[in-house]
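Order as written gives the chain letters A, B, C and D; numbering starts at 1 within each chain.
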Amino acid sequence: MKWTWFHKLGSPPYVYRLARSIGPWLYALAALTIGYGVVAGLFFAPADYQQGDAFRIIYVHAPAAWMSLSAYTTMALAGAVALIWRIKIGHAVAAACAPIGASFTLAALITGSLWGRPMWGTFWAWDPRLTSELILMFLYFGVMSLRQAFDDPARGDRTAAVLAIVGVVNVPIIHYSVQWWNSLHQGATVAKFAKPSMPGSMLWPLLSVLLGFMLFFGAVLCTRLRAEVLNRERQSSWIKEALSSR
Amino acid sequence: MTPRRKRLWVVLGILGGVAASVALAVMASRENIMFYFDPTQIADGKAPQHKRFRVGGMVVKGSVQRNPGDLQVRFVLSDFAHEVPVKYSGVLPDLFREGQGVIAHGTLDGGGTFVADEVLAKHDEKYMPPEVAASLKNKRAASTPKPAATPGNPQT
Amino acid sequence: MKTTSTSLSVDGVHVWRGDRHVLRGLSFSVGSGQLLHVVGSNGAGKTTLLRVVCGLIAPEEGQVMWEGSNIRSDRSAYQSNIAFAAHEAALKADLTALENLRFAVGLRRTVSVDELMASMRRTGAEGYADLPARALSAGQKRRVAMARVLACDAPLWLLDEPFSNLDSAGVEVISALIDEHVRRGGSAVVVAHHGLVRRAGATQLALDE
Amino acid sequence: MNVSTAGAVQIIIRRELRLSFRRPDQLIQPLMFFLIVTTLFPLALSPQLSVLRDIAPGVLWVGALLSSLLAVEGMFRADADDGTLEQLVLSGHSLTVIVIAKTCAHWLLSGVALVLVAPVMAAALSVPAESFWLIMASLALGTLTLSWLGAIGAALTVGLKRGSVMLSLIVLPLAMPLLIFGASATDRAIHGDSAAGPLYLLGALCLFTSTLAPFAASAALRITME
């Protein structure tokens, strides 16, 4: 009995309706939190004692980098669930995650190099953190193109899931690269078990943007997932009802 | 062999393989894999001669000398134990200032001066408003001076 | 040959290929000494069915049981009980017919060259045992493939169009071999779009689109 | 009566070796490719010996990476095309064991050959002869790792008509850490520094992939064979 939620989440019509109903809320909440975080971060947070106003790019860079990793992990987990329990909706989730995660990765790389130029003195350094993040981007591209490469979409889904799972080894490497090697990149400001090395006036906007990016990820995921489900289930009868009931 | 025992052996094999590779990686971490040296290692003669490597440390207060008219700059890097003089010609990053952690790429010349062809500023993961930094500094000056994070070990 | 009452049962199997619902709730069983003749038009899912029974395709719904247990529980152990001849002869072009059999059968059981030659003799393939497979005609390859099935000494035969490319003498030889396998207590699932298997004890399964 | 796992591995390796000796061109082509690619760099960059010695690590490793990518493409494809892969899968042995045997055979053929040829190219790049053993050791670890990564890629792309581009798209990002540490080990060997650190890391990568890649590759193969 307690597994009903699990089975429900495996049913495309249920997921489609769920995504349709929570999507707008997620967009609204994301707009609120990102809006607060960006305004507070860019205008009200104090400037850094060392970097001055340039540090404010952290309000985009750090959340984007966090999301690039969590989107990848979500994608690999969804793929693993789909492979192990043969729940097809997992593949739809993974397929919906990939382009969002790749965009976050791209955003993290671009904002990072914009930050690196004035502060470090270079747009790009072949540094462990930067290189592993670049590999993450290549992995996203690999997963996306492998999914497209097969004539049989089911096969593309499942091979992409295997590749995504293989690529997960890169996630801890990115995360710990600044500790394992002498990296140009600074360590984590906000860690799980340590006091953040940032005062509240700077920290709250950052956390707000991070929450906002998560919500935004969820919101875009809902939209993309609906499109994926519609495409995948185009032969089923419930589609017509779902589309006409709007 | 029953399927269950087979599975047990497979799991043990995976654990063993992963553990052995982690052990190897830990052994590797004891070696210098990044060609990164701090001033102490250079003072001990561990750094290679006539070969590019990276050196990291703090720019010593009052050591920066600029040549008026060109981009020549000399400064001294310190890891609070030893110091190494650095010569560089080029544009320095905004964050380059005395007391700041930097990483320089270059070679050691015969006289013990590090000739850098690239100087990158490193900042740590701490952010604070200037006033807080100033008051912290005063407090620190009152107690024993303790260095902020050096580029060598960002997580301290 | 094992003498246990071997039994294959297929239970409510559904398979989709892309948008196509190929196998729609198929059920049947094949016992020891039984032959199932699968017929159907092109695209009816005959080959898919054989690959499901082999364990190459996992059905979306339903299950394939061998001697009372699901084949997914120990797939390799189940697969050592089957001899499968796909539509292609599965011969390496650069190896001789005999070498092909030695590697393919050698993976399943320890087998002597004499035994392999004996099974080639029975399918009428002994004349080209030492020719590279690239030099063989389609019918000759078919005979070598059947010699492999024979030499595997497996209780369950799964044959996909075993009579294609064969001359009438070849058809007789292969049908006789299938008959004998079934008579000695083996089971066989044979896909053949001609009604060539008309022996007693053969059940027919018609797949339609 | 039944064939043991070790026996099956032995049979598959013997099969691969015999097939490759019947068709030596498939063995030689990647080697020729390696020789030609490494020749390109001195022509394009500079024939000055000190420059060559500095670029040698990168040239040798990029060459090794690309040529083993070329060699790995047919690893499962040839068998899938003529139907023998199905027979291997149905032989009653675990697919993981089959993948392990095929990858080992592949490395024995392509990797070992590349390791043996590498000193020739290293000498042509004016690398001192004292460093040959270390370079060969690092390339041996590296090519085995590449064979495992390649096995995953080959298994994922076996059903594709134009699989080679896809294969490089999959394998090259995974192989980047290998390139970094391999080139670093070779560089240290050439300059007479201690190469222990990168060699340990190459060993770690090799062990890690040898442990986990067989499972990934067999899972991939099961999917693409459906």
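Here is the rule we use: a contact is a pair of C-beta atoms (placed from the backbone, for glycine too) under 8 Å apart; a residue touches a chain by one contact, two chains touch by 3 or more.
Note that the structure is a prediction, hence the values are computed from the model and not measured.
Undergrad: Figure out the least number of contact steps between chain B and chain D, where 1 means they touch directly.
TA: 1
Undergrad: What chain pair shows the greatest number of contacts?
TA: A-B
Undergrad: Taking mean CA positions as centres, which chain lies farthest from chain A?
TA: Chain C.
Undergrad: Mind checking the centre-to-centre distance between chain C and chain D? Centres are C-alpha means, answer in whole Å.
TA: Going by mean C-alpha positions, chain C sits 36 Å from chain D.
Undergrad: Report the inter-chain centroid distance for chain A and chain B in whole angstrom, where each centroid is the mean of the CA atoms.
TA: That gives a centre separation of 31 Å.
Undergrad: Nearest whole angstrom, what separates the Cα centre of chain A from the Cα centre of chain C?
TA: Roughly 48 Å separates the two chain centres.
Undergrad: Using the touch rule from the top of the page, what residues of chain A touch 2 or more other chains?
TA: Residue numbers touching two or more other chains: none in chain A.
Undergrad: What are the residue numbers in chain B that touch two or more other chains?
TA: In chain B, residues 33 touch at least two other chains, as defined above.
Undergrad: What parts of chain D, by residue number, touch at least two of the other chains?
TA: In chain D, 226 touch at least two other chains.
Undergrad: Across the complex, what residues on chain C touch chain A?
TA: Touching chain A: residues 16-19, 58, 60 of chain C.
Undergrad: Given the complex with chain A, which residues does chain D contribute to the contact?
TA: 152, 156-157, 159-160, 166, 169-170, 172-174, 176-177, 180, 216, 219-220, 223-224, 226
Undergrad: Can you list the chain C residues touching chain D in their complex?
TA: For chain C paired with chain D, touching residues are 51, 54-58, 76-77, 79-82, 84, 86-95, 99, 103-104, 106-110.
Undergrad: Which residues, counting only chain A, touch chain C once they are in their complex?
TA: Residues of chain A touching chain C: 86, 152-154, 234-235.
Undergrad: What residues on chain D touch chain C, complex-wise?
TA: Interface residues on chain D, with respect to chain C: 1-3, 8, 11-12, 14-15, 18-19, 22-23, 82-84, 86-95, 225-226.
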